[in-house]
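I have a structure here, written as structure tokens, and I will follow up with some questions on it.
Chain lettering (A, B, C and D) follows the sequence in which the chains are written, and residue indices restart at 1 in each chain.
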């Protein structure tokens, strides 16, 4: 808890201050559209928005200046981040030129939300997923359009005489069709004829089937992309752990699938004495201390701990605390047992290395 | 059926009586908010609630006293169970201090529901799943917020002049946006302009896609966590069966994935003579009797039965009844055949051991 | 097309006539509740229903008599089918005793729908799936109840003063809660306060997440159960094909996963000359004729065809027509290639056997 | 961007012109049903529709004539494409015969949408998926009908006295049942009795469970079918790459699963110098140039590039540009590493071949 707060403060910087100001600004923009906000409050909000806009513009110029020092200003302006920074800086000035009312000028501040997703991998991930599954999605889209158009046209045929104001034209019936296909069902366009209702039933079921197929396609592609990212990220971390460097490519590819990375702040208790052991840890970077008496054992990058509890099913024998901010690779007990079955040589190596280290430590303590 | 009832009665205890009283209390609390309940009924309910609250407080003090005897009272108070017990005991007294009306005091009794999930692994499982998939969920959340904010703002632009009372501010439009993104569609905020309707269609489809991605991420993590738990649980049970102890780590990890555990009460008929055999059973603990003539064969912990029907495709040759409450590991016929393909040595061992036991039994019966 | 019609007629029997009468009866029952049906039509419907009920009773007695001849009448009455037959026979008589109006008596005929699912594996499958995944579903149910109760209670708190007629008690608010959690959104109970709306948003999202988790759990269990059934069904069919009998258990388990069964009526064209080959076929039972000149080659149970197109990528060399109703096992081209990688010995055996058969046929034709 | 436009123009043809005319026609048909379109505009639209209809008829006759030249006119008329072409040509003439109002004649033009899905594999895919999973879907359908009928009948019982105009007959209650089962919730039929509301809750939950099971079944079958198509498509492409021809069937089946195909237009930059390498490429057809100094190296069909960055983790050493429209097979870095583990011989062959080619190039440049 304290570590988390310390970490947050530690990361605090000029960029984060800007992000927080923008967040306040966005809340103010949204609030300012409310009618219960009086003209004085509106004025104050407007001034705050102008101030934040100035800060964003200053940030853009600073970044551009820095990029210029690195002779990469063109590259910065051409990058996604650069374009978003420029748009954010120009949003309020553009608003001032285009619209008159202060309330509407504020709304241009919503462009700032783009700055939050600028460095976020979410959108890129999303885009890659859509791109990957585009063939299947296009197939589904053609079926969707067929169902949508024929549904709307049939509803127009069935209902136009009974409800001319709601189903009086195909575009009107399309509104009913989309609301029904997505099973939203606002209730402003409801078939009343027997044929219209039979059609509705099929359109609802068809919508559920089509959207769940679409969802299935996207979710599968999303899961594959997440797995791919995890594989590449863990592969890089595994390369940094000396213990794994002796393994061949096959064993590495195998173990990479089983490991998960975990970032811990300094002074985090990773393992508590007496608890049942449910995982072992490999240190990618940083440093941990095994709290043994008389002196704790310090383990650094490339070493591992917590294997005893997995090998012998005993509770944790000592606390393990991170002495520096560390990156760990975690091997869960279920995956450890799985690994013991498929790659006994790795588990043997862990056992041997662990025994050697313990013998060494005993010698050290005696010496 | 009878066994089930006997089991339920067998488990009946002071704790269960309290759980049942709490259930009655909660129903009364909910009912008491209804206007059709007259003042006398209200008073009776209030007294019942006070009585149940006193019982819960007594239970808390008993638990605390017991914990104190074990010198673990601090640990108990610090645990999740302890905090929930304390809150449940204090709920109605706190209500008496804060609000005046008896009906509102009753509502504080809803805190008791926490006691039901105190020992339940559902919430912990849920939490672990959210934690595991948090990176992907955060990515999706950023996309969600972008769509939500831009949808609400655009709807505000398109509809504010036509429907100023419903879309008159961005916060109002946000209500429409969330009702539409989740495809709930209450129907109190419905776009009427052509642009507003086009936007609606995209917001609905976007909502379905985003929520199904989110659902896919959580459901996958949930399935993995369930599989992990099943693996660890079955592993422990397999370790208790002597037949499996000769197997190496690889074969064990393999077979653990195929087995399912099943708890049976005493006198349960596990296998009926004449039925087709669809599974074989390993006894983890307890005792079963194979109803052969002249004397039944009693099998105990570590032994197995039902393999004949799988090996030779014959119907069950005899009833098998649990004589004590037993824990069994079930190997389905489909998995048995799969195992026969991948690990013939295990199936051979089952065959040999089964033949040996049958020969022994014949000798016993003769002797 | 003709084959399909012939098949349907061929299967027509006394049982099917009863099923069709019941279907007509059920439609009449539903129609008879409509107010546009005059008293005379009602009377006619009532007489038809009575007649069908008599037929169902006669069928029950016939079945009972037949079971009695086999000395299994007690077993029949105790079985699911027997109970459903009895209930169907007694439905209308019971209705005559209990209610007065003919229209309401008819409604008892809806019990007949049970006869349609009597032999259907759908419900059994459904039941097994729920049973298998009950631990996970119970965990989710406890979370669901917590969210449902706390949602309803909070909505009651937030909205009771503003909308006393809709949110005036917790049971009333529960109606809103279930309509919102399932994202149905009828629109008869809509929060209007700011807190009520914030709560709504969370309840909607919570509902989507919980139901998709639940759906994920059930769908996964359903898929596993379907796979298990397919495995067992195909295994039995594979056992009937002589070609596969030489394979070991490992290869059998492997190939069973790749095969799909297909029932064809007599005179069905299975393979058309000149088409690209996308599958090969093993004959479980029945007979097919390869339409070669001068005389067609007749293949029977245990033989296979269509492998040439897969082995050499050539189009089909001849039509293959089923001369009797046949059961085939289909090996798709994608799975064939997969098999060629993992189990070259099977593909080699197919190649050798095919070459041998062709040589034989040439010899036959020459001779 | 330019390449894409050039490609679109390059593909432009008489067929595409017809497709575009039809698209305009369909938009006009939909618009023409709107009441804001005056009689003159209607007349113009009508004439445009007639013109497009004439073009479609001309196209049909042209195709028929061409087919006749190839002596396949009967085959063309019997094919799906032929039937759709004929229907499209006859739609408007049929409309002129059947209905009187020009606006309604236009609606027959909606038959033209079929021409868009004529060559689309989406519908065929959809059909195959439904066919494959029909057993499971029929099981679910029987459960669905049971729930639907019993839900509607019970709602009729509970609500008919309170809301005779909405729940006054079973067919009326069926409308409520389908709207509730699909969680559409229009809000025109809402139970008000306590039993009706309890029933509603179960119907909603039952609907979600059944539709997600159905969705799960279809989505799984869809994913399998897509995988099968991808396998067959990639298999054919792999057969065209000389490098893979030395591999055995097992290795081929393995690598086919890891590869993805990509079509690139001429002048597309496939790989940019300095970027991190995330994939390697095999050329199926076409030609690419590795932009090395002094002269670029030209690679043709059967060769590969981009393996250096994967083998040594270095950034791309040179731009690679497609000099002709090319079809590539892409091997992602994650899959490459996976392959290195499971099939080291393939990665070794890539390494050796790459080294040989580089040595050759150096010799060429020196010479």
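Observations, loosely collected:
In this section, contacts are C-beta pairs under 8 Å (C-beta built on N, C-alpha and C of every residue); 3 or more make two chains touch, one makes a residue touch a chain.
Here the structure is a predicted model, which is why all the values come from computation and not from measurement.
Copies subunit B and subunit C of the same sequence differ in orientation by 90 degrees, per CA superposition (steps of 5). Farthest from subunit D, judged by the mean position of CA atoms in each chain, is B. Subunit A and subunit B touch with mostly distinct residues; of the residue numbers seen at this interface, under half occur in both copies.
Averaged Cα coordinates give subunit C a centre that lies 28 Å from the centre of subunit D. The mean-CA centres of subunit B and subunit D are about 39 angstrom from one another, to the nearest whole unit. Residues of subunit B found to touch two or more other chains are 183-187, 212, 215-216, 220. Of all residues in subunit C, only 26, 29-31, 33-35, 107, 110, 113, 116-117, 120-123, 125-126, 175, 178-179, 182-188, 211-212, 214-216, 218-220, 222-223, 226, 332-334, 337-338, 340-342, 344, 347 touch subunit D in the complex they form. By the touch criterion stated above, subunit A contacts subunit D in their complex at residues 136, 138-140, 142-143, 145-146, 149-150, 153, 156-157, 168-172, 174, 180, 183-187, 190, 194, 197, 200-201, 204-205, 207-209, 212-213, 215-217, 220, 228, 231-232, 235, 248-254, 256.
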